[in-house]
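One chain, chain A, appears in both complexes that follow, with chain B as partner in the first and chain C in the second.
Presenting the complex of A and B:
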């Protein structure tokens, strides 16, 4: 059977014109900006990332960004995608190149691996999912493309990653010293005396874009924003979460003290950890002698 | 042009250039409207399946290569029980006014043409072999589906679906218990669902009558040409089945398995073999479907593309009745005389840059009683009767210009291995089909989607009714006749 020629031509013509029209219109109306408004930012054509032997290319990452990221982070990378208005916390603004989860000192750029880990891990308490289903190459490509949004990536090098010393033994003494640090550093003002994220300052906190932000609530037991291990927790307060009120304590806390604080913070989580077990035993035996954490407390003496 | 029509000029007699110009004018007029509609929208559109997009605020292109086909991220989301595995999964996170409902329908214009049909004309004596051609504006059926989480790690799907006349049935309805014992390897689904096909017919991109189905997913051997007896097996691996499924996957869904035990009634309800009223009573047996697939990263292939390469295998073993227990009036009550059949195959999903290739091969085998339409209590099989078998498959290609534009192509072939009767012509029942098309998604908001779909598809089936059902619905005069059936389809596929 030979179908009606006119109808076939109509169909073929329709498809050809649909292809042409669609390509032109979508290229104009729905794009990731090909000309970066941030002058001096790395070029999409040449920017790369390097993660464990995988080299990411920004020009490949651009296509992936359009597919996966644009809805939240926006066509201009400024965190103003179509869904941003409904999302809390707000999506990251890549044009500022300020990142919470880093292995590098506060104020410096993260490493490629930091960005790769953030994409892979996602942020459990936000709308950012784990992108583990993407291949390592795709995630590396996205890292390279994210670096084209800000001129900082052209002018500065990534900071030197923090060296994390071996973890000190988990003992009740370490936990008590950590508790004293929690009091002394006034962590309770935001995170609350019991770690519920309800300290006296909690309600007033904002991020660097003046959006309200909540401190981490240890009693939920969820993963931390930047990881889940003791090393991750150590890194979080030693590097700080740039762009948020959480400062870096690297200048005021020595490594051993940092591990003490890690051990104490773990006791605030409803998880079956060695720290929690030791602490519960201690509380059972010495509950009456433990001074509460808070203003004018002598918790440091415990 | 309007002057020509006024004078009664027949456009079929225009010169070719004039006809092409006329076609181009019509299509451009359509496009002009579309372009303006698209440009009037806010900027930066990439789209999502609305029910879940509204919940998570992700673009639909995050989960779909081109909706409704899933990419690996969408596969992981689905495998996790429609959860992203963060604290946004629980229903408690949703605004109380949120209700997870999506509908999808496709107003369209289409043309269907099928030759070698036995037809008559009113007021004209005689029966002729001719071509049946129909064309006009039309509607597709409608899906009205709801899905999400009832609680953390308890998910559901409810999908009432209608045909174009609004006759409804339940296409899917199940509850799923996810991540049992905290492990993604154990998930249990109960209800009516799609088999875990690596290449999903429920999520593919073709919509036309002849192209809108995988031939091999619904093929059954043609029966006995001399008597007209058809195969008693109604199974189609592309059809949703009703039962229970144990499914597991690695955290990134690179490795996946599924074991399903389903009623031997083709997803029918009311203990019949039909999703709507009036079906034949089913038997009391169960079928088993096994599926396994493994994805991997092929260095060099994934660069700049959609990523993963996946290969998989499947096997379906089932049975169907060959006669019935009846009441005293002869009305069937329960299927009896079960005879077996199986389908086995391999499939893949390969990405090479922006090109996606989906190959599939399947081998099918039906018991001789099923294949020849004979009751198993009717005595010994005739000496010419055999257990029919066939080999079939397809290769489908998608080229993604970007998340909003995809070009499509598919070639399909089914060859009978062994006929149900030795008197059948050797190629009786063979099918050849090809389709190509283009889908453009001018609206890809995270709350709604619109795709403009243009397709052309064509099938050739030897001695049998095309799988689309086009034409008279009766086989051609001779079992050696090759029935060509073609579809042209232009539609607006929208989803909210």
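Presenting the complex of A and C:
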């Protein structure tokens, strides 16, 4: 009899525990729903980010978001804050979990570090400023909070970052090969034969929300949207800028070819780079023989 | 006592295993056929000027137009996807890869219905680079460049969705992936007719989807291996 009594007590005890557990779970679920219309998105209470040994917490990021980000990105994270109507390009809609600046393949989630870099760097040519005044901890907290707007962050892992092999030597041959790529891959259709952002399709471009968007104009010499180094440039066209017309070239461009393209792209910027000076001396020696990029060109033949 | 539990457990496991093995979808020979038409005034399709892409322009001997509302004789509507949206009892056998072509700076077929998780291969048959940019919302959007002579892009869609696809380099290029939960679907031809075959007896909801006019549904009950008719009429507006 005694063992039976024990069993009854045990059963009652576990039932009580189960009920308690269920209540906690339900309570949490309602809470998340009240904060976030995206069912199944990570909870603000528990979502974290991990950047270089710093752990960000979404519950801290939420307070920072309400102070610094809500004006443009909006109370619902959908990019419809009160300032959004005056801004072009529009603020990011976090509920779609589509991001331009990634180290990961097109169609995959970025890494925590990608989002952290985006917040730190800001986006030149847009209204998104640099957020270097915020501490690394605060920026990491914001990254964690940004991930609570979409259920994709609960269901999927970040993509595998692109590996970038070390840069090949900057030579005139590399630049010329890159120039042939620029012609062959039809970069000029949007970015223009001389990189002025005025190619035949440039005026028709729209982003994934059907808002008009411009291709990068190399002759401005400004930093790129996703960084400023040759490595950043390599990454931009290999991973593509998701949500924009800029596609990924990772499946069709080999690493050596990608570096060639980087070297050529640099020659179109009015900057004092090694690439630009090599190209200028080539042009002054062979100017007449260089076929212009564009339709009917023999693929930028050397 | 213990032995009894084990025996019971073993039986349960065996029965469920048997259910998995023998749970083949019922094969049927019923069908639903019909015609999709419109009333009202459909928009005039606009001519497409491909002169900026001579390698594509020269592939077309007849003028090319947009394809968002393609009509045929007798007010028929082409490129309407008709599919079983409820009551589907599954279909056996793996479906082969769906093929989508970029040819003459157009998507062929203009509308491609396929199943979720079905293999999808996208080819570039042109002498120019395309970027293939499916504007998915439920699934994940991606955007890849495909220069001439590249191998096909091998992919799939996980969830049902009507996904518009475009090429940013050639802004007139426009098509659809129609990702479905069912293997029972059909696309209307130029005469607006469709046929959904291989249906067992049952109660079905049939949905017709047109890219500009949205969806229409009808309930159809098949009691045996019969052919039922379901016609759909969309109200066309000129804009």
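Keep this in mind: the second predicted complex is superposed on the first by the 267 of 302 C-alpha atoms of A that agree within 3 Å, B and C clash if a C-alpha of one lies under 4 Å from a C-alpha of the other, contacts with A are read in each partner's own complex, and residues count from 1 in each chain.
What we mean here is this: contacts are C-beta pairs under 8 Å (C-beta built on N, C-alpha and C of every residue); 3 or more make two chains touch, one makes a residue touch a chain.
Every value quoted in this text rests on a predicted model; they were computed, and no experiment measured them.
> Contact-wise, after the overlay, does A:134 reach chain B, chain C, both or neither (first, second, both, neither)?
first
> With both complexes superposed on chain A, which partner does A:88 reach: first (chain B), second (chain C), both or neither?
In the superposition, A:88 contacts neither chain B nor chain C.
> Looking at chain A, which partner touches more of its residues: chain C or chain B?
Touched residues of chain A are more numerous for B.
> So, does A:248 touch the first partner chain B, the second partner chain C, both, or neither?
Only chain C; A:248 stays clear of chain B.
> Between chain B (first) and chain C (second), which does A:295 come into contact with in this model arrangement: first, second, both, or neither?
second
> Regarding the shared-chain residue A:201, is it in contact with chain B (first), chain C (second), both, or neither?
second
> Which of the two partners, first being chain B and second being chain C, lies in contact with A:57: first, second, both, or neither?
first
> Based on the superposed arrangement, let me know which partner A:106 touches: chain B (first), chain C (second), both, or neither?
Only chain C is touched by A:106; chain B is not.
> Could you please specify the touching residues of chain A with respect to chain B in the complex?
1, 3-4, 6-15, 17-19, 21-23, 25-26, 28-31, 57, 59-60, 63, 66-68, 70-72, 74-75, 81-83, 86-87, 122-138, 141, 222
> How about chain C: which of its residues touch chain A in the complex?
Touch list, chain C to chain A: 52, 54, 128-129, 131-133, 135, 137, 140-147, 150, 153, 168-171.
> Taking the complex as given, what residues does chain B use to touch chain A?
Listed in rising order, the residues of chain B that touch chain A are 11-12, 19-20, 23-24, 26-28, 30-31, 34-35, 38-39, 41-46, 48, 56-59, 61-62, 72-73, 75-76, 84-88, 111, 113-116, 131, 133, 135, 251-253, 297, 299, 302-304, 307-308, 401-405, 407, 436-438, 440, 442, 444-446, 452, 454, 456, 484, 486, 488, 490.
> Can you name the residues of chain A that touch chain C in the complex?
It comes out as residues 96, 98, 106-108, 152, 184-186, 189-190, 200-201, 204-205, 208, 240, 242-249, 251-252, 295-296.
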